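This report concerns only the one structure given below.
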Amino acid sequence: ARRGFPEVIYGPGKTTAQIREIFTRLARRNANVLCTRTDEAAHLAVREALPDDARAALFFDEAAGLLGLRRDARLRQRGTILVLSAGTSDQKVANEAQRCAEVMGNPVERLADVGVAGLHRLLAELPTLERASVIICVAGFEAALPSVVAGLVHCPVIAVPTSTGYGASFEGLSALLSCLTSCAAGVLTVNIDNGFGAAYAATLINRVGGEAEDSA
Amino acid sequence: ARRGFPEVIYGPGKTTAQIREIFTRLARRNANVLCTRTDEAAHLAVREALPDDARAALFFDEAAGLLGLRRDARLRQRGTILVLSAGTSDQKVANEAQRCAEVMGNPVERLADVGVAGLHRLLAELPTLERASVIICVAGFEAALPSVVAGLVHCPVIAVPTSTGYGASFEGLSALLSCLTSCAAGVLTVNIDNGFGAAYAATLINRVGGEAEDSA
Amino acid sequence: ARRGFPEVIYGPGKTTAQIREIFTRLARRNANVLCTRTDEAAHLAVREALPDDARAALFFDEAAGLLGLRRDARLRQRGTILVLSAGTSDQKVANEAQRCAEVMGNPVERLADVGVAGLHRLLAELPTLERASVIICVAGFEAALPSVVAGLVHCPVIAVPTSTGYGASFEGLSALLSCLTSCAAGVLTVNIDNGFGAAYAATLINRVGGEAEDSA
Amino acid sequence: ARRGFPEVIYGPGKTTAQIREIFTRLARRNANVLCTRTDEAAHLAVREALPDDARAALFFDEAAGLLGLRRDARLRQRGTILVLSAGTSDQKVANEAQRCAEVMGNPVERLADVGVAGLHRLLAELPTLERASVIICVAGFEAALPSVVAGLVHCPVIAVPTSTGYGASFEGLSALLSCLTSCAAGVLTVNIDNGFGAAYAATLINRVGGEAEDSA
Amino acid sequence: ARRGFPEVIYGPGKTTAQIREIFTRLARRNANVLCTRTDEAAHLAVREALPDDARAALFFDEAAGLLGLRRDARLRQRGTILVLSAGTSDQKVANEAQRCAEVMGNPVERLADVGVAGLHRLLAELPTLERASVIICVAGFEAALPSVVAGLVHCPVIAVPTSTGYGASFEGLSALLSCLTSCAAGVLTVNIDNGFGAAYAATLINRVGGEAEDSA
Amino acid sequence: ARRGFPEVIYGPGKTTAQIREIFTRLARRNANVLCTRTDEAAHLAVREALPDDARAALFFDEAAGLLGLRRDARLRQRGTILVLSAGTSDQKVANEAQRCAEVMGNPVERLADVGVAGLHRLLAELPTLERASVIICVAGFEAALPSVVAGLVHCPVIAVPTSTGYGASFEGLSALLSCLTSCAAGVLTVNIDNGFGAAYAATLINRVGGEAEDSA
Amino acid sequence: ARRGFPEVIYGPGKTTAQIREIFTRLARRNANVLCTRTDEAAHLAVREALPDDARAALFFDEAAGLLGLRRDARLRQRGTILVLSAGTSDQKVANEAQRCAEVMGNPVERLADVGVAGLHRLLAELPTLERASVIICVAGFEAALPSVVAGLVHCPVIAVPTSTGYGASFEGLSALLSCLTSCAAGVLTVNIDNGFGAAYAATLINRVGGEAEDSA
Amino acid sequence: ARRGFPEVIYGPGKTTAQIREIFTRLARRNANVLCTRTDEAAHLAVREALPDDARAALFFDEAAGLLGLRRDARLRQRGTILVLSAGTSDQKVANEAQRCAEVMGNPVERLADVGVAGLHRLLAELPTLERASVIICVAGFEAALPSVVAGLVHCPVIAVPTSTGYGASFEGLSALLSCLTSCAAGVLTVNIDNGFGAAYAATLINRVGGEAEDSA
């Protein structure tokens, strides 16, 4: 992994035993480790296999399927990453983005329930939006949020379309096409439901701004 | 045609001669006639064929390809239909909606250039939005406008996705899916670029509110 | 919620505990509450949590996954919303539309089994069709019903394509495209299986016609 | 070619010279020849190349791009093939079906302008529908016609979806999916715009009923 | 149901209790009844509910999910319907077609395992192909069979694309598009996996050839 | 370019001047050069720019848009590449494959008009098929040919789906999916219309068989 | 089966009993047998049914669902087939390719974890790549590997897109389109997840190079 | 426009007269102006309308359709934006990205012809890659470049899929899906052919790194 980045494992296609083995091996050499899209069984197996001191720094977000070890909690970047989401069903992807961004050493803020159908909630948070150095917008259905947000701020907006929704959402296709065709300049898109990828790219962007003093 | 409605011809697949013949025939029995998706050639042919008194009431919107005869300009409905659009490239569809709604006897208002990437323009028009009885939202690219508008008003919103945009717009697919999956309740969708259909349905909705006094 | 409208919760992505909490909280302030796309477990949890007097007004439609509280049963709108469906497999979406429209204060009529392959059944109901102020057409497979109905009536028709059917139905895509490209003017489309959205929009349309005397 | 069938050439990809050569060569050995999807240039080249006696039996339908030679006009089948269409823009495909069916030796009837949005026109023609042995339904946009027709008759219905329409018609996809998912049993589908294929299959079906006396 | 046709129930969306009730009710008035896409539970419920004499004529094809009652086994049509299939995984659809065609009063023949990758098996059955009055070709994956068969015979070929296959089969899309774009004239297509629809249409075609003597 | 391979230029996006410059530059160092998807203008420009001795070895296939220089005509491979096609409209892609394979130093055979709807033509050529070391099958519409051919031979079959066909051919999608889902083992697929790519891969395969004596 | 090839059964759509019966029957006449896409139940049934001497040569790869009998382990081809894969989730398809290629008598090498995001791993294996006569590249997500590999080697590359990935991977569509549109000449594509098909075609290609001495 | 950003006009849907009027009006108030996707006619009209001093700073890139005015050429950002492309046909999009990035005040570097099929060219430029603060990767066909590049560098990579390619490229869909599903973390995607959007977002990212001294 790159300097200051956690090691990351991609869960699908790996058995519980494989995940325990890889995770604990990486944990020996790295302060921080992430495993995305895994499950409670892997969590328990890893928990049991870790030494006592590491165990305390292990967390598992069940909805997101995110297993993480965060022993080094230094803030390495100066700028704040803001994670936005609208509906409840997008929260697990927003959680993935938030937790990953934290483990990657960023100051992170989070706003939920700021959908465009209730614009006042979003507009009331303008100061929060304005102090972010990068914004991650998690949005399903018609994913109008990234366009509206990018129109309000001066920083890069990473749009994470989600597979929530039904019918013409077509498993996130509707949200994805919206993000890609946003009429507001400054929107960048990652794969459907890819909270991890958004956090990773946001961190890279954040690092363009230089390291935090705390990060040494 | 139903009481108070113009007769409507669908241009594609008809020759100039056919359009002239149908249009002038219908114009003999009807005060108002519309021909959608036709061209300047048909316009000229119809213009020449019409008697002098009708000619003055003939109009042609070249961008929209809309040819219309409006000899009866009574306002038959009470409520106002508001036609909104964001970008320049959506204007021809918005024009089709506006002109059709007028010929169908509705009070019509029009706001252009109110895209979601510049929210202040839209928010400054809240009073206009609030006095409409139906709103037609013409929107291409990611078509976020209908969601935002439906969140601001209490009347039905008819979304007209347009084929403007490029790449992942896929000839209006992106905008269409957005309209259909809007997270804001109260959005109804018509076919891509179908300004006429939006005006027609808006008129039917407007009529639920009863006829104007002027309409007898 | 807007005046006279129930509060509405979207079930997917929420735990049973969350739904119980939100539903009972909203029920304290609102006479009517709806939760769409939820399940029997949430129903039971809410039922147990509600005070005795509210419990009697709680209903659950299992096929539709619709949980509702209807303590205020006043008819707020004058016009009648007619809900039509063809096959058995469309009934759960039609149920959602019907129940939602009722809870929103509309007089509602319902006709099932009026598919276009047996036109006589539909034609025998012409008087029912004609007295509606808005019609909701629930239709799967090739969704020919909205076109036929819109050709027979003078009121707006809201088409709800459904995901029933197999093969080239492609989870409702066939029905959706049919509704959108209807050759009959006056058809407005909502998302696949979106009975709630159809009822909501139908209510907005119905309100253009003014409030019922009973509604005060 | 099979007994009583014309020889058929598929125009696309062939030069005018090739079409003239193939057409005139086939015309030497066959009373009837068809070339589909060709143009006026090929028509003129063939016309010039044919001997005088053949020339009189040559026809060209420009809209359909169908070039045909019909020197043997015997009616070989007993049953009648009925060709139906709704809008003007479907007429060229209906023409292709009709002319091909005629050249293949079938009694053919034709009804245009019988769309489902104006059901009375169609219902007024019930006797015509009932005396057909096979019906070819040419339909664009949402292609509701085949379903309605198949519900009214007892004979096979061949649906020809057309590429007419715009937006969500997606070049005939909407009509195609409708035909394939028709809720009315007895509908068989051919390729988009394939009037020739419909006529060919209708003729095969018609021949199951035995040959006409005239056909010897 | 039309003369000589069984009544048909479409299983999906109906509860076991509903199917038992409809099936037994129809069985009282009709010698033959079919219920497609149902399951063993419905089968057992119907079996128990039927009177002893009917029970003997009840059959259930589990793979096809087809429940049928065939008390009238007269052959009403003269021509033979031939049902072809290639791979094992297409057999359940071919079964549906065969059993439905039988219950509809047709002489039926069946050939399995005649895929185009082993052409000799198919060519060895040329006499069987030639004596059919209609052929139903059930084919998944690339569905090359209908084209090859239609090139060998002089009767109509009904292609039933199936959802078997994986990857680029896209749930039957590959097979469906193949059937629709067959370069061999005389191929007619029904919905993916629609063995019932193929049998129904084949019966209508077969009836163009007149009734069998046995059928009175 | 690899040993014995011509240099290849991809025409689209290049101006005539650029193509002339690149082509003539490459021709100075290479005996053989190919430029795919170019036009007559580029051909003329290159022809004029080449020295007299090279000019004689220049060829241009207009339908294929293939411009080639073949000064070294040695046969470098032993095995024969057989190029098959069915309809006229596939010939330009087959031409591209054939000419490219020749310039790449392979013995090449060509069979046109061997579609599956007329199986006898293909079966009559079995000996030709059997002596090939690789077969390139060019096929549009439903592209059944690769499956049938792969079932008849023991060598690799490269399928080139073409964009010929209309309607449900969807610009080659139907043919492409057919090739990919072929039920016959041994079929390998290249991009739609990619005759060049098929020839290139066939040459690589042919080289596994070792070099011809002539090739030194 | 062709000389030296195992007999192959396609598992889906067959019952455990059918697979046991077919497998054991084929095993009587053939040294080597393969059954793809089957399960542990079929494995156990076959294992029990086989005679003792065969049982030792039976293997089952659970992840791949591949059941195989390999009693004849002679290397029939001279060239080596190299199987490459990147991520863990592609391993089951790579396994299928590897095991099938072995049973078909090829020398096989295998490299896992050589994704393009870590180019050094791949570049370190250049000698392995260069000694292969055919390379099978198994790749999911954006499937960049075949392009990079084909640019490094002089032998044919068979790309096997996999259905791994999520979101815009669309069940392998993304990987499939990448393989088909590879900018590197020499890439041939098989169906998504089709490890068997890749092995089969690679074997055919390998045989162009002639048989190994051991193979008699 | 935001501080230091040029004003930007989107050309499509605007007449030459409109573009001239808007462009010259904006040029009065802004040092820098851009108009994307316009044509030579608009260029000439604007050129004529501009005052002499502005005219010298006007440029037009015909392939990209980009018209720009750059009177303020200060470098406002410190970091370098690197624009990469592979094939000739991607150059016009890369040009758009480069020119826009320059007008937005960034130091810009450009590398063309670094496709993955010739990896050595790319690897030879590692130092150039490493000194960039953001990289814009323009890639058509299978768009493997962003994955390979993101694996080599530590900065954010903006992928611009292009509509170049044919067949299964499906107007850029293949490239788009590749970019979105890149297995290399750190890739962000914009719309197909959206060079402008990539430059805009890259500039926002670059500004996170603070302003250049020259920029005041």
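Annotations
For reference, chains read A, B, C, D, E, F, G and H in written order, and residue numbers begin at 1 within each chain.
We adopt the following convention: contacts are C-beta pairs under 8 Å (C-beta built on N, C-alpha and C of every residue); 3 or more make two chains touch, one makes a residue touch a chain.
Remember, it's a predicted structure, so these values are computed and weren't measured experimentally.
When the contact pairs of A-C are matched by residue number across A-H, E-G or D-E, over half of them reappear in E-G. Comparing chain pairs D-E and B-H by the number of C-beta pairs in contact, the larger count belongs to D-E.
Averaging C-alpha coordinates per chain places the centre of subunit E 43 Å away from that of subunit F. Put simply, the C-alpha centre of subunit A and that of subunit E have 52 angstrom between them. Subunit E and subunit H have Cα centroids lying 58 Å from one another. Along subunit G, residues 87, 167-169, 176, 180-181, 185, 191-192 each make contact with two or more other chains.
Contact residues on subunit A toward subunit B in their complex (touch as defined above): 86-87, 115-119, 141-144, 147-148, 150-152, 165, 167-170, 173-185. Against subunit F, the residues of subunit D that register as touching in their complex are 10, 12-14, 18, 37, 161, 163, 172, 176, 191-194. Subunit B contributes residues 87-92, 164, 166-169 to its touches with subunit H in the complex. For subunit E in complex with subunit D, the touching residues are 2, 8, 79, 133-134, 154-156, 158, 176, 180-181, 185-192, 196-197, 200-201, 204-206, 208-210.
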